[in-house]
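One chain, chain A, appears in both complexes that follow, with chain B as partner in the first and chain C in the second.
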Partner chain A sequence: MKHTDLTRIIRKVEDLPTLPRTVLRITELVNNPKSSARELGRVITEDQVLTARLLKLVNSSFYGFPQRISTVTGAIVLLGFDAIRSLLLTTSVFGLFSNKEKANRYKIEKFWDHSLGCAVGAKVIGDYLRYEKIEELFVAGLLHDIGKIVEMLFLPKDFAEVVTVVENKNILMVVAEDDILGYTHAEVGKLLAERWNLPFKLKNAIAHHHNPILAGRFVREAAIVQLADILCRAMDIGSGGDNKIPPLDKNAWESLQLKMSSIEPIMEEMEREFEDISTFMT
Partner chain B sequence: MTMSETDKRLRKSERRIAVLQKGYEAILEFIDEMEALSQFQDKIDMPSDIEEIWKAFLDHIENLIKIEVCALFLADQDTHEFLLRGVSPDDKGPICQKELDFQIECGMFSWIINRRQPAVIPSLVFKNRKTIIMLPLSTIKKTLGVILVLTTIEESSITQENVKLLSMLAKQCSLVMENTLLYKDLSKEHESLLKAQDQILQAERLASIGRLTAGASHEILNPLNIISGHVQLLLMDEKLTPRYSKYLNIMRDQSDRISEIVKGLLQFSHHDRPKMEEVNVNDLVGRVLSLLEHGVGYDKIKIIKDLDDNIPTIMGDEKQLMQVLYNILSNAGDAMPSGGRLKISARASVDDSRLPAEGPGLIEIRVRDTGCGVSQENINKIFDPFFSTKEDGKWNGLGLSVSYGIIEEHGGTISVESEVDNGTVFIICLPAGTKESVIVKPQRQKGTKTLNL
Partner chain C sequence: MSCIDIDRVKPGMILDKPVHSPHGVLLLNEGTKITEKNIWVLKSWGVTEVSVEGKFKEEKNINDEPENRGENRVEKKLKEKFSQVLENKVMAEIMRVAGKQLERRIIKKAEKNETH
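And now, the complex of A and B:
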């Protein structure tokens, strides 16, 4: 049963909107260590919308950079290639959240808030843990529930069924999905990540954000996303479509080596940065 | 499918294969670089000082990128100042320092340090629009410093590979440097523990001597009093012949001398409780110096006073503390029969780790002479009663042991460091009165920049 369902998704996923061509070309460039800042910059500047968004983001309070960064090349060498790829992904997933169906508008907006909250949360937790590439954590948080969007937009019947059960039984969406559909949004997200050629780290964080211990060498990243997810729900930032707080995996928590006393300052910082970034991103 | 469409697809595939081929080759090359990096790690795993790691780093970075100037700044963990620790070429130190200062000023530096990622930025000091790569040296726990690389490569030609390899190199360096610094800290701690252990042993030895002498002193004083009493009685006899009177006087004087020695012993074994009152250390030093300055031999000695005018008062027995200073200062004078320099300094410190009990801080008095010094074998015995290196017999060898007893009774410590022919320094630490009384001077120097880590 599970098998047929997954193939059904894959078939459906074929129809999914792809990432902008520029982002795919950039992924290609970033995968080649010989690419220079100029080459990468040229590809980005060809897309004016993307360029504008990128410069807006690097100059936002999110980065707190002391001076204005006015050129794309400047941004690339200053922030590094990986960070730029993460930033481009961040700006590109906007489109996916912009709604086409009126019916789901409210839900999608809530989803967007939840995703953005998790992104901010993952970044703030990363800051606390002195994690090196917080842009990647930000994208991971932003995309962790992307499977839900796919379900909502491309498997609307399945999704409606799941939502009804979630509302009636007050259970986690991931539990309802597994019961009814035989697959979860985490698995759908993983499929999408594969199709998008996202880095392994990102794919694993999306696939295992409900069970970080399975994320192999990316346990830390998946655990950070899980914790961010939980904190967002505790702080009532957006909605993940269900009204239950997923259990925190004990091993995952221990792997973070985060002090309990850090949680409160993290939440305060999340609140502050979420305010900042949501005025900026919408 | 038409021919042209097939053609188009074929050409597209060919282009793609070419791109992939190029990427594949680049990755192979990258793996080569990584192997070189791991060899570098083996090389820097061995040495145990920063200079050698820096040298290995310079050797290796030459293979990665064309560099013009390369400078290492390490953060002082107390003041958070970034200090230049190495530069190549040698004469570029000042200009690198200036660049760093400018980058700190404009806020760029702290941004990079907080981000802990390499960043490529335009230079503010070097001419011809040179590019700088900043490589923060940091580990999970702390920021150690930064390496500043000035390269001839133009900003936009810098490749991902450049940055990645430099970042890995910096990471390796950080780990080894952290280990080195930790090791240094540890061995310093170890050394000070050994020293402390030595002092404890000495203190214990002196304490047991003290207990012994305290008991013995009483046993001696009793019969001595009886003897001198009877001598007094005999001296009162009017029928005494002058000859006997002279003998008896000698006996009385010598009895007095014995009693002086025994009194000194008693003081060493702390039987005279100090009468505590507020004392200004600077005043004490001044008064003792004025006593000594007119003494024999002191005219050839240059006295340097380095006394903190704002030094807080301490609680102590003025007479006893003066005696300690007198003993030490006159010893110093004796050690420099043909003249020399005598430096007396007094300052307050909040670090009271050198005191036996925790408190609000301490006052440290240092007396340094440029005299003959004390040999290593004698230095451990210097506070022992009756120990003296002076030959003329007019010293009973109790001065320093009495001083030791007095300082101990005040809850302080007294220690000595000496080098033969170079001089001796005595360090007295006394507990400060209250926390408020300890004045800590701001450590920041003018004109240098610090950064909050």
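And now, the complex of A and C:
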């Protein structure tokens, strides 16, 4: 990325909406090993909307707990701190997508479906791999293309140029961005992740979802997001803004140690879960 | 029974064999009385001929271009999408499963329209 572009984007990123204050405070609490579930619960319950969303999500089929969870503290104890943070991030990010601009509405909705599909995909793949912190994968999938939203809302001229080229040449958006702008949505997403102080793992998955091998010790996470992205596009879940399937990095695939025969059950499960989750997220 | 070209199927004809999509999903059962919508849906899956009750003389359709047949819309769309990545076996498998899912989705949608 050229230096001038980078500074221009950073300036734009400064204008970006910050996460709700509650979420930032919760992030701090989660990072502090001395915090208690009760403390965390008190901060969450101060925000009624967040509380309602949290309880709705933990009681959804997504988690599939057999009994109803009616208190925030109960949810925290059951899910753990990290899961709660991921969950709150999920519900807050949703606000970013519900943009009032009419012109982009259709595109944003398509992006949202694509992101949600990718989140579900990353979760399902994670389940298959017996990955421990499924919620983190979910958030990584949800945010992997956040850079595109930033471009659309804050760098509209650049974005329009990219869209025109993508449509005329029928190429991947990431290729067009690199050609025309000299930066990609993955890099923009990384800047945003830094500004939001998102966990390292998440930042790396966003930054390297097109190039998992560069994600250092988070290759696995980036590779899972890459595969989920590919599956969503194949399954026509939403739209990532272009009509091509990005290549699957061979080394990334091998690092996952997934069997070829797992592809079909993963895709079937994705389809089921996406239907379930999109009914209560939208 | 006669096996006739999809272009010659008329509403009201009765299937005497079930119709499957190119991927093997059951589209219509035998005994179904074909509707206008059925014909449209069958065409969109790339079904080229069906077997119906009664006798209909088969005429060769002159506009029958072989390169336009046998490959349904779903498959065409997928091939276009996957055009640059198919040498990878994993990708080929993903495309196969996606084809199945997308076809199933079309069927579901058509069934929904039917009931409304």
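Basically, the second predicted complex is superposed on the first by the 281 of 282 C-alpha atoms of A that agree within 3 Å, B and C clash if a C-alpha of one lies under 4 Å from a C-alpha of the other, contacts with A are read in each partner's own complex, and residues count from 1 in each chain.
Following the convention adopted for this analysis, contacts are C-beta pairs under 8 Å (C-beta built on N, C-alpha and C of every residue); 3 or more make two chains touch, one makes a residue touch a chain.
All values reported here derive from a predicted model rather than from experimental measurement.
Visitor: Applying the document's definition of touch, where does A:38 land relative to chain B and chain C: first, second, both, or neither?
Guide: Once the two structures are laid over each other on A, A:38 reaches chain B alone.
Visitor: Look at A:233 in the shared chain and tell me whether it touches chain B only, chain C only, both, or neither; answer first, second, both or neither.
Guide: second
Visitor: After the superposition on A, what does A:78 contact: first (chain B), second (chain C), both or neither?
Guide: first
Visitor: Counting touched residues of chain A, say whether chain B or chain C comes out ahead.
Guide: Of the two chains, more chain A residues are contacted by B.
Visitor: Using the superposition on chain A described above, determine whether A:275 touches chain B (first), chain C (second), both, or neither.
Guide: Neither partner.
Visitor: Report for A:65: first if it touches chain B alone, second if chain C alone, otherwise both or neither.
Guide: It touches chain B, and chain C stays clear.
Visitor: Pick one for A:247: touches chain B only (first), chain C only (second), both, or neither.
Guide: second
Visitor: Under the touch definition given earlier, write down the residues of chain A that touch chain B in their complex.
Guide: Residue list for chain A touching chain B: 28, 30-38, 41, 64-67, 73-74, 77-81, 83, 130, 132-133.
Visitor: For chain B, which residues count as touching chain A in their complex?
Guide: Interface residues on the chain B side: 19, 22-23, 26-27, 29-30, 106-108, 111, 116-121, 138, 140, 155-161, 163-164.
Visitor: In their shared complex, at which residues does chain C touch chain A?
Guide: 78, 80-85, 88-91, 93-95, 97-98, 101-102, 105
Visitor: Using the touch definition up top, name the residues of chain A that touch chain C in the complex.
Guide: Going through chain A, the ones touching chain C are 230-231, 233-236, 243-248, 250, 253, 260, 263-264, 267-268, 271.
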